[in-house]
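The following pair of complexes shares a single chain, subunit A, combined with subunit B in the former and subunit C in the latter.
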Partner chain A sequence: MPLLTESKHFIRPDGPDKVTGSGRYVADISLTGMLTAKFLYAGVSHARITRLDISAARQVPGVFAVLTQEDVPERRFGSVADRTLFAKDVVRFEGEVIAAVAAVDAEAAQQGLDAVVFEYEPLPAVTDLEAAIADGAQLVHEGWADYEAADVERDGNIASFTSMIRGDVEAGMAEADHVVSSRYVSDASQPAPIEPRGVLAQWEGDRVTIWSSTQVPFQARDGVCETLDLPTNRVRVIVPHMGGGFGGKCGFHYEAHVAALARAARRPVRLVFSRQEEFIAPDRRREGMIIEITTGLRNDGTLTARRARVLLDNGAYSSDASFFPHMAAMQTLGPYKIDNIHVEASSIYTNRQPSGSVRAPTAPQACWALESHTDELAAAIGMDPVAFRQQNCVDTGETGVAGQVYDEIGLQDCIREAVSAIDYSQELDENEAIGVAVGWWPSFPGPSGAFVKIDSDGKGVITTGAQECGTGSVMTLPILAAVELGMEPEDFELVYQDTSAAPYDEGATGSQTILNNGRATVEAAQQIAVQLKSLAAEKLEASPDDIVLADGKAHVAGSPELAVSIADLAGVAAEGEMLLGKGSGTPPEYPSAVGVDCIGDRGLSGWVGPQFSCHAVKIRLDRETGVVRVLDVSAAHDSGVIINPIGASGQVEGGVLMGIGQALTERTVYSEDGAQENPAFLDYKLQTIADAPPIRVHFVEIFTPGVGPHGSKPIAEAPNVATAAAISNAITKLVGRPVAQLPMTAERVWGLMQGRGGG
Partner chain B sequence: MDTQYPKTIDEAVSALSDGATPLAGGTDLMVEVNFGHRRPDHVVALRRVDELAEWDGSTIGAGVTWRRIELEGPKALAEAARTVGSPQIRNAGTIGGNVATASPAGDGLPFLAAVDASIEVRSATGSRSIQWDEFFLGVKKTALEADELVTGVDLPEDLPERQAFGKVGVRNAMVIATVCCVVTRELDGLTRVALGSVAPTPMRARQSEEMISAVARPSESDLAEFARLVAAEVSPITDHRSTAEYRRHAAGVLARRLLGRCLR
Partner chain C sequence: MTEPVMLTVNGIDYRVNVDMGRNLLSVLRNELGLTGTKEGCDDSECGACMVLLDGQPVNSCSYLALQAQGRSVTTVEGLTPADGLHPLQRSLLEQGGVQCGFCTPGIIMSARALLDRNPSPSEEEIRIGLSGNLCRCTGYAKILAAVAQTASDG
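Let's turn to the complex of A and B:
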């Protein structure tokens, strides 16, 4: 396999567009005759609709279309097919769409909404996870049993259930010298992308083009096809530049609503969310959780057994969250050696905003709980928490919690590197402490495709189904094509984010772009390499097997002077058999996990290319106010071989900063009846650059076969796993007990010091 | 919505008597408009009224921005200015807007309370000067009449040399105060303590002032007593940002630390 060379230090081509403002986002596009869309939201968390009358709204001057569920096919969708485009009979969270209006401008659209008659009879709101699964609880979905759902264990308000059992927990606990139990509670938080989403739809005949700020254009397209009964080739989804997603723009959201409005209005229609809508309506928030863990250990530090119970707040609909209990279960077990496990995890319906994939779903919260608990275990036997992890974390050739035996992995190196970079044994002020945590995250193999062509002047175009959500991974594809063809990344332009131009890809989700679309791009480029070698062989009178592609030329191995430029070869090819490659390849298979008895497994017990990390964080605590400042962070990651170091480091820095926010400030506050109390940046506090500490990034580069190209593994979500956990452990060192509530706000830390709360 | 762009205070106040809403930097007003809380039909934009941006000795014009105050203001007010929003907000937002909004969390207001400033206002029929504690009446409620314009804030000629501003918030920048506070101290010990975010209006902690003013060289235990008194004097509420209990505690800690800075 060709090695990556200097091309590693390639700078992404979409940067100048974005920083100069010339890049175009959905909200920047307008079409002749375009109307403005607005939604009417439920504004109540749980209610039966008693009257919904849009006749007056349709008469409002300037209003071209008003739609409700009556106007679209009755199709339920989601990982449990539990929702419809518009509310039908019952509303289950405040941000549910009741009706949509398209009008000449925002004012007319608002007048249209004001004229909708919407009456309802309130139902009791389900907001407490424990109460929701008690006998006789109010059901969020009376008809849950009739919903279609592939391989999901469900029961009443339990939208999805997983259990993982291996070995004998009772026996393991009996062998323990200490049994430590902890309970941790995490609030919900938000993806908060800087660009509130936009959707613009235009019909031409029976075909519709939809510009949408989605991370997953093919899923968006498929959602439109499913809910509006259309074939895939008549729905084209194009994504202009996108201003961040963090998972919030994964899934199918509002493309069908806007397409339906545009069809009814016979005009292009554009929807652009306000910040408040971005908080309240999408079915993508980071789920709140209750995590209970009990672990048995011996005096020598050996883990003998773990029992855990995890409750996740599913919210009102299942979106893509059915696999979350399984992810949470794996995160609660962690990258440790324990032979006896019993974990049960349930995602529970409530009348709150639905949960869905936000960067590393379930991981930061569950890792925070597990790693806080792990420091409690180390404390129980008086062992240093780093040494405790070195003893108990998995290493090459060892068996993980789900029975998977690991090939070469770098977790132990990550621990060593993170701890040494932060100078773990330094002398600390009495208000300072260093906390350490390890994290892990799977890779998600999936289908993906790409086309590559080289035109007559030797310049290339990669047409990819992959989606750029800001991480730079699509921008990295030219490196992969260039390496195969002995060209430079700058020789390639990208056509991307257009479902009609490119083959299928799962989108900017699950950190999968380089893993899957990288494989496709490499395969497509390799086909062109074969073509180039055969053309060069003819010209240079050599065997194709002896041709080497390097430095923009094809030369005979061992005789660099016997060469022809790729541009010349491309000129020849353009006259006849053109240089065209297509790739998709076969996704890596999930390794089996042996000996784990799992309900609701969904194929995720054995992880393809698990990514490991260790984060170490130095903090200062203001003991009088509970304010925690993060002074220094070191983050070491095993994500295999790093293909684009600038991009990968950026992912780690961003993930750490996001982790600090989740640790200290980010929190959606709910009223008792399920409404958000802080759906705005005024009261929902992300970290800013003024809060950013130095972040030392280290990659433990292990060539990992059978995952991504060139021995790589993914990187985008993994950095968002262990930071909150490391901060928690640092706080515990200073105050004696874990805060046990996430985020660990100044007030909660202070409360703990006053003897309240805590685990 | 129509907008007027007067060049003088006279033109501006005459627009106000026709029912217009003043717009300075817009950093409070436009947020209200965006949230749909306000929908003014008639706006009078103040940015072109040069007189409002004048800063004449101890009178700071209503149109003076936080950016200017950050550079040129008295110490504690400059410190407060530095914590207002972001550079963009400080370049647009004005002290007049802060005063007229009268948010309990307004970072400029504790300084005005600490130095006993007056608010200068004018209408088409005349002008008046209102002492700060008669101006701020409640949460976003002031003594300003609809046809009156804030023209400036009037500070005493002599300001105590030792003065400090501080703010407790959930992160380092762009943050609403959980508590903000100004402490000033004269050479003879006379101390003033003003706080924001812990009552419907900016407030003075007068018993705490009295206690600590009488102590020439406060000991650790005096400082602790001072913190306890401040915490007892404030009357914060519990909301989704914070509990009353925490705000009360943080107010005492913050005031004590600021006093410590003044004593150094």
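Let's turn to the complex of A and C:
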């Protein structure tokens, strides 16, 4: 049962702004005297800058400011501090910012850019992952060893590395009746939110206000402070409505560039990306990968050992990607019972767009490889792939790959539900097949804060650091506060996405809002509940312990007629000690992983609140063309107790469709030297409503202790894990072998049918 | 070269001086302040900029302001009643068909055009009618349900 079934009809508070067009996104805000910003990009993947002269650009009529790295403090940033705001000496990918111009309009800004003299000497572009780690390879960062990087294992072009070793993999392989090896290659893809990003900055005195379409306003603020040498209380980041992110708008991006331009120009400055810039420039794409997995198994289906090697394309800079090898390692092991493991994963510098967190980073690709491989394992012993998973997947009380023992989990229920909802044993036409895959994803505990107040008329305001990028924080947080206070979600307004108003929160990243800001909001509301109960106790002549808050009233337990409305109590409180609550709470701790030797795992081997899923898809293959169409999907998820059903099912539907795109069409094509060849929706195909199959969503609602409020777990990324894998398994049933390349485009499927490619 | 252009938008006549090459989207947003219509690609690929031109849905990013002269333009602001919401707006909210909302005005305009010419569309017809609008958030299921609900509510 969801926490609040009535919330089905709770209309999202930002909804009316969005459907009427009155809601403002960054590109919709203009300020008096506002200038337009434009960037000069490198346009070359690897080169040494030989000349950069902006003196003529500064003379162009209408141009108010031109900046390069010379004009800002020399600060490196990123999870490996390998990057500066503007290119310095060397450019390492085509979308690197060389110079920024602010001018009266876009035309003048363009003329300013055209007047910048930028000359360079090309360097060989590093684009092949295996070649990049061979002896004597061209280094992407000559000075890599000098970069600051807490706890990141690095070496030359290896930007980050993780190994996970448990048991004795040699002995495990020796016990096996079959040893199956697979190699899978995934292309890079893009988050592609429909809103291209925007940043607007305005200085008043020595304080700057920045409106940014960021998923992580506090990180954006901290990035500005770090790179421009400013204290946090002089930088205010406000996120107006935000048109989707999917990780693409996580991290600190262009806020400092625009703030620096506005300071130099002494005018407000606004940057709005074109679609092409949105493809090319941000350090947030889904990384390409090479995944090699070898598994030993016995005739009875027991998994005896797994060895895996994963190479991830880190791109030119590390952004937030240093934890990706660990995530990829966990994904190639999966939610299975295997005692003997040896996985090594490396994220490798190349001269391509940097990789960064995109919805469930590393998971869709690595899960696709693992789960395609799992069907190969089942086939090797002639076992049905669903039965094989039922036998090998972890269940409550069992030990996972990292030695962690799972309490209350619903993976087996997810398998059962997904398979039954799609009618797995139905009669299928010879061009149709059903594929099944399981997925998992962790929760990310972190600090977070919220304030709640109730004003004199009994209406509430939640002031929260949480961020809304479409995911539904605006619904979940009022529901949580309302439940604590016996009020309705509609009784609460939100003040949010303003770093000067609210306490810190990590933002719309890692699906963490429900877990961390949920905890904070509940704690803040509980403080008010205590106050309300004591006010009511006085009024009703009862003990505070006997007061119940429900239906907008405080009543004495067992005597609902002895009641006073919360509005009345709020009126009393407004005259004296006001109803103010603040919360942050203590984030859950990472559980220990037992018996696993890790290098560079950054403390994430034991997962807090792992979320589980099983996706089953039915497809039809056109054997003439290789075109695969998804006809039906069932997606069963264990995300604990569901707080907001309409929001949660929306996350699953959106995640699954994104997974279908990743499976079949979404692919960034790179030229030999690292340039993107399809930075437009015309050639980078998102799924349309005409492509979208019915998606049956089922939640296995198990009360999960110690994660989110009310037994909940996060949900936003988990749906974007297993879909591509399930589609791969369905295709294999029709063509005999895995496509082994992601996306599984019509061309690749057709090639496989002609006897080319495949795993 | 700027030219005076007469535009009728949401029933109001405007006279604006615009460059010959200026697209309708930018005039609506920057000259008339109607920012409900969004720009997602400037390339006729996403549908976020969908408006109605004499009742027909067009991508305003790929339409010259000059070409709209003498014709009637409707944007999401024009569809919104003075009080409350248009049935399409209401059902999108009730069905949960809005997440980030960036695609929403365009979806509403396409759906409005569809329902005007076909008040009881089949599911397939809804899919075709909205196939020019990209939504990255929802997976479309709840958008489909919202348009169907609006149609069945009449």
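Things worth noting here:
As a working rule, the second predicted complex is superposed on the first by the 749 of 759 C-alpha atoms of A that agree within 3 Å, B and C clash if a C-alpha of one lies under 4 Å from a C-alpha of the other, contacts with A are read in each partner's own complex, and residues count from 1 in each chain.
Definition applied: a residue touches a chain if its C-beta (ideal position, glycine included) is under 8 Å from a C-beta of that chain, and two chains touch if they have at least 3 such contacts.
Since the structure is predicted, the reported quantities are computational estimates derived from the model, not experimental observations.
Judged by the touch definition given at the top, the superposed model places A:E624 against subunit B, while subunit C stays out of reach.
Looking at the shared chain after the overlay, A:G243 reaches subunit C, while subunit B stays out of its contact range. Judged by the touch definition given at the top, the superposed model places A:T665 against subunit B, while subunit C stays out of reach. In the superposition on chain A, A:P16 makes contact with subunit C only, while subunit B stays out of contact range.
Counting the residues of subunit A that each partner touches, subunit B and subunit C differ, and the larger count belongs to C.
In the superposition on chain A, contact of A:R266 is made with neither subunit B nor subunit C.
After overlaying the two complexes on the shared chain, residue contacts for A:R298 are found with neither subunit B nor subunit C.
By the touch criterion stated above, A:G470 is placed in contact with subunit C alone, subunit B being left untouched. After overlaying the two complexes on the shared chain, residue contacts for A:W750 are found with subunit B alone; subunit C is out of touch. In the superposition on chain A, A:R48 contacts neither subunit B nor subunit C.
Overlap of the subunit B and subunit C interfaces on subunit A comprises residues 274, 680, 682, 688, 690. Looking at the complex, you find that subunit B touches subunit A at residues 31, 34-35, 168, 170-176, 240-243, 246, 249-250, 253. If you check the complex, the residues on subunit C that touch subunit A are 29, 34-43, 45-46, 48, 75-77, 80, 85, 89, 92-94, 96, 98-105, 108, 126-128, 130-144. If you check the complex, the residues on subunit A that touch subunit B are 274, 276, 624-625, 627, 664-665, 669, 677-678, 680, 682-683, 685, 687-688, 690-691, 745-747, 750-751.
The residues of subunit A lying in touch with subunit C in their complex are 9, 11-12, 14-25, 27-28, 192-196, 241-246, 274-275, 469-472, 646-647, 649-650, 652-658, 680-682, 686, 688-690, 692, 694-695.
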